[in-house]
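Next come two complexes, and both contain subunit A; in the first it sits with subunit B, in the second with subunit C.
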Partner chain A sequence: MKIVITGVGIVSAAGRGIDATVDALRSGRSGLGELSLFESARCAAFPVAEVTEPIPASTPRASALATLAARDALSHAKIEDPSDVALTLGICVGGLFESEPSVAALVRGETPDDSVWPRHECAYTTHRVARELGVHGPALTVSTACSSGAQALGLASELIRDGSATIALAGGVDAVTRLTFSGFMSLLAMDPEGCRPFDRDRAGMSLGEGAAFLVLESEASALERGVQPLAEFAGYGNSCDAHHPTAPDPEGRGAESAMRIALTRANVTDLSTVDYVNAHGTGTPDNDRSETAALRRVFGERVPDVSSTKQVFGHTLGAAGAIEAVVSVLTLTHNFLPGTPGFVTPDPDCLIPLGESRDARPGIVMSNSFGFGGNNTVLCLRRWVTA
Partner chain B sequence: MTQHLRTQYVYGVLDRDGLRGSNRTRLGLADVSNDDGRLVWKQAFTGHYPEFRRFDLMSRAVTMTTEAAGLDHLGDDQRRDCAILLSTAIGCLDADLGFQASLGADTQTASGLFPHTLPSTCLSSVAIRHRLQGPTIAWVTDADQELLGLQYAADLIESQEASSALVLLGNALSKTHAATVGLESQLCVAAVWGNATTFNELSDVVGSGSLLTLIRHLDAQHRAESC
Partner chain C sequence: MKPLPIHSYAMSQLDGAEPTDAMVPLPPPGANARKPRLATLATQLAERAVSTLEGAPPSPLAVYFGTALGSLTETAAFLENMIERQEAAPKPRAFTYSVHNAAASRVAQTMKARGENQTFVHGEISYAVALWSAQLAFTRDATSVLVGAADETSRYVERARTQCCPDTATSPVDEGGAMLLSLAATERPAIATIRTVAFARPRDPQQWLAAHLADTPVDQLLHGVPTDHATAVSTLAAETLPYVETVGTHPSAGCVALATAIATIADGHRSTVGVVTASRFGDWSLVVVGP
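On to the complex of A and B.
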């Protein structure tokens, strides 16, 4: 069964929607700026990619971001009645943006605002989106760290393949929180100058927030509805490093395995037909070195064009895989390859990414997402052509 | 979903009655934890496991439960593609609370706890322990979605993307946090599904009950056999 993507929705520091996103990617505009979501002198030392789109204050931030992107994706796919649609959501932080004052109060031994607990867990966001949009199909919440968004897409493709759903709305979301900031600061994993993926002088990641959703369905379903697919969801791969709780395998063996599985499932027999890889490319010294090793193990001397768009969006954690899947779709529909904002000086231990965006007509693209605990998910998309 | 796949299991359980599993582990909760309720490896198993002391409660619970199930029979090929699938309702709430408490204290404690504020980190703890390199997925589920891991395991094995799957259902809160937020303190079960050495065979379990039902059935059967 050929599975296709028929709609995308995205909200991030680059703006809301396809035009704003393409504009940011083509121009290489950084989404990083000063922290304004909450007050913290320590956190404010690091740039962050915040969403500036107005968010209804009455809705939990993650739910609001996810609902915006999901609604746009359904509209893009021309789905007016989503009642039978399945929903898979990748998320790491859940409703922590609203609940962390209560978590802090609890820890201090004070009486917390108990009304926030139902919104604390990740699954709340999934159900909130379903309720807001009237989606009554299977609703699944995936949380595999920074690969969650990509994992949600893989899972959605399985739901379609096994007949559990005809159409699936799959994506990821996360909002910036104090806890996340504090955590990455404690790991010394953030770059005060902003992330510089694959650069010799890179010193860590930059946090971001956002949401992205894609509509997946069988090609037959899309054509029957009279909707032209944007791209083919050709395959995905999933593996575990089994190496370290936070650090990637230095030789990239887990990432290599996920890439090989994705390529096999996408029936890519000639590796030279892969035109572009949207790297996980966080800008941490370990990730970029390990990802380089993995790409070289898979592609040998002929690594395709690679770029990291993390400075455009920040590292959006549970949303990253979905946002970068949208980027990958846009390379196919808008005929360009994005660059790597922040990259200046090559690192002898890393591949040299595309520095600036350029026009291109890719046929097959891949999107890498790797998470804490060695969770690796790789998506493979193909330009859709009429049979 | 596959309804009649011939399957083989080993299992482990950690709950208020203690730690039990296919490898003949039979210990009360007090036998595997210290006075503070903290799970202690060397009280349950022989052999030294230095990494264990760095784990949060959830990682400790699933690692101990998996150990009680026993994965020694898995060959290298099976480990290379063995999936790990976790369903959890309360996720990493315990680590969230612990991490928040550590902020403002020493940075080392905070940095050690932070990775555990993700529901999926306990999967890597098990993966590292047993060198399991197949697909890993963590779902934050509702009570009626306990079967998700088993369903997905069946799909993965049927499509030959995994030869075995470790299916986990885990909810863990330490004594202090359980008392504070008023939830069940510890429940963790594990089952290895698929191409594993036989502990037992149940051909029609999928679709007829929850993972918990399956595990409890196996547990009761094992207890009866042990008598």
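On to the complex of A and C.
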């Protein structure tokens, strides 16, 4: 069964929607700026990619972001009644943006705001999106750290393949929280200059927030609805490094395995037909070195064009895989390859990424997402052509 | 979909139950930097499940895990440390283990499980989604699969549960989990088979459940559903039993109930057992296990 993508929705530091996203990617505009979501002198020392789209304070931030992107994706796919659509969501920190102050109050021995607890759980965000949009198909929530968003897309394709759903709405979301900020600071994994993926002088990542959703369905379903697919969801692969709680396998063997599985499932037998890889490319010294090793193990000396768009969106954790899947779709629909904002000086231990965006007509593109615990998910998309 | 054979299982210790070889004691409460609590429980369950094998399970071993709340003990420990130090260099270890997939990752690291590794966080039916994903993997090319779910408690969880789910305050045990091992190519006979895994957000849960049970009748139905559905559910099988009475009300209790169902099948006491679970978000799941 050929599975296709028929709609995308995205909200990030680059703005809301396709036009804003393409504009930011083509121009290489950084989404990083000053922290404004909460007060913290220590966190404010690091740039962050915040969403500037107005979010009602009465709605949990992750739910609001997810609902915006999901609604846009459905509209883009021309789905007016989503009641039978399946919903898969990748998320990392759940409703922590709202529950964090209550946990802190308990820690201090103060009386917390108990109204936040029901919204803390990751599944609440999925439930909230389903409720807001009237979705009653099978729903699931997956949390595999920074590969969550990509994993949600793979699982959506499985729901369609096994007949559980005809159409699936799949995506990822996360809001910036104090805990994630402090957590990555404690790991010395944040770059005060802003992330510089694959650069010799890179010193870590930059956090971001956002949401992205894609509509997946069988090609037959799309054509029956009279909707032209944006791209083919050709395959995905998932693996585990089984190496370390946070650090990637230095040789990139787990990432290599996920890429090989994705390519096999996508029936890509000639590796030279892969035109572009949207790298996980966080800008941490370990990740970029390990990802380079993995790409070289898979592609040998002929590594395709690679770029990291992390400085455009920040590292959006549970949303990253879905946001970068949208970027990958846009390379196919808008005929360009994005560059790597922040990259200046090549690192002899790393591949040299595309520095600036350029026009291109890719046929097959891949998107890498790697997470804590050595969780690797790779998506493979193909330009859709009429049979 | 292809049925999922179960070759062994492990479950957390139940209150008042005679300990068996399949039971694993809960880790001591509270944060322990060297032994993250949920990850430790999951790893002990996994190790017990594979301990019946001679040697390691075939590679690559895949892990499908469910947890509604994840590693809240570690999350809270990091926040406590962050607040105490006024955000100045909090200890990173608790943050490392605060992610929801920390348990499945630790299982993978301990057992060198380099296959698929997925963590589902879909409330009370997380274990059923994990089973569905494992069943799919088994249909494709998986060689060996660990699948299960667990949830822990802490003072934060207790606070949250008493505020948002006051009707679950009386519970025999309020944390625990289970892990099942499935092997593709083995001469060893399965002790039970997962025949059906279904989950949905049904508009009419009773109708949804009745339709599934009409296709796959069961001798016994273990259920964890809201009280307003319990009476109707009790008419859908010859014998029905609310599983909260034996395994607790924690979000992964359905997975422990499934382990008890597998034990019942393995002992030959029943020929088919269904486990039905409803989440507080309106999701329902049905898992049917047979010989």
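The working rule: the second predicted complex is superposed on the first by the 387 of 387 C-alpha atoms of A that agree within 3 Å, B and C clash if a C-alpha of one lies under 4 Å from a C-alpha of the other, contacts with A are read in each partner's own complex, and residues count from 1 in each chain.
Here, a residue touches a chain if its C-beta (ideal position, glycine included) is under 8 Å from a C-beta of that chain, and two chains touch if they have at least 3 such contacts.
Predicted model only: the values in this text are computed from it and were never measured.
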item: Partners on subunit A (subunit B, subunit C) - clash or fit; value: clash
item: Which of subunit B and subunit C A:43 touches, first, second, both or neither; value: second
item: First (subunit B), second (subunit C), both or neither touched by A:183; value: both
item: Touching partner for A:304 - first (subunit B), second (subunit C), both, neither; value: neither
item: Partner chain in contact with A:208 - subunit B first, subunit C second, else both or neither; value: neither
item: Residues of subunit A touched, compared between subunit B and subunit C (which is higher); value: C
item: Contacts of A:155 with subunit B and subunit C, given as first, second, both or neither; value: both
item: Partner chain(s) touched by A:122 [first = subunit B, second = subunit C, both, neither]; value: both
item: Touching partner for A:238 - first (subunit B), second (subunit C), both, neither; value: both
item: Segment of subunit C intruding into subunit B (one of 202-210, 220-228, 238-246 or 274-282); value: 274-282
item: Residues of subunit A contacting subunit B in one complex and subunit C in the other; value: 91-92, 94, 96, 100, 103-104, 106-107, 117, 120-123, 140-145, 151, 155, 158, 162, 179, 182-183, 186-187, 238-246, 254, 257, 371-375
item: Subunit A to subunit C touching residues, read off their complex; value: 40, 42-43, 91-92, 94, 96, 100, 103-104, 106-108, 112, 114, 117-118, 120-124, 126-127, 130, 135-145, 151, 155, 158, 162, 178-179, 182-183, 185-187, 238-246, 253-254, 257, 371-375
item: Residues of subunit B touching subunit A in the complex; value: 1, 54, 84, 89-91, 93, 96-97, 99-101, 103, 107, 110-111, 114-115, 117-121, 123-125, 127-128, 130-142, 145, 148, 152, 155, 161, 180-181
item: Contact set on subunit A toward subunit B in their complex; value: 91-92, 94, 96, 100, 103-104, 106-107, 117, 120-123, 140-145, 151, 155, 158, 162, 164, 179, 182-184, 186-188, 238-246, 254, 257, 261, 371-375
item: Subunit A partner contacts - residues on subunit C that touch it in the complex; value: 1, 60, 63, 68-70, 75-76, 78-80, 82-83, 87-92, 95-102, 104-106, 108-109, 111-123, 126, 129, 133, 136, 155-156, 159-160, 163-164, 199-203, 279, 281-283
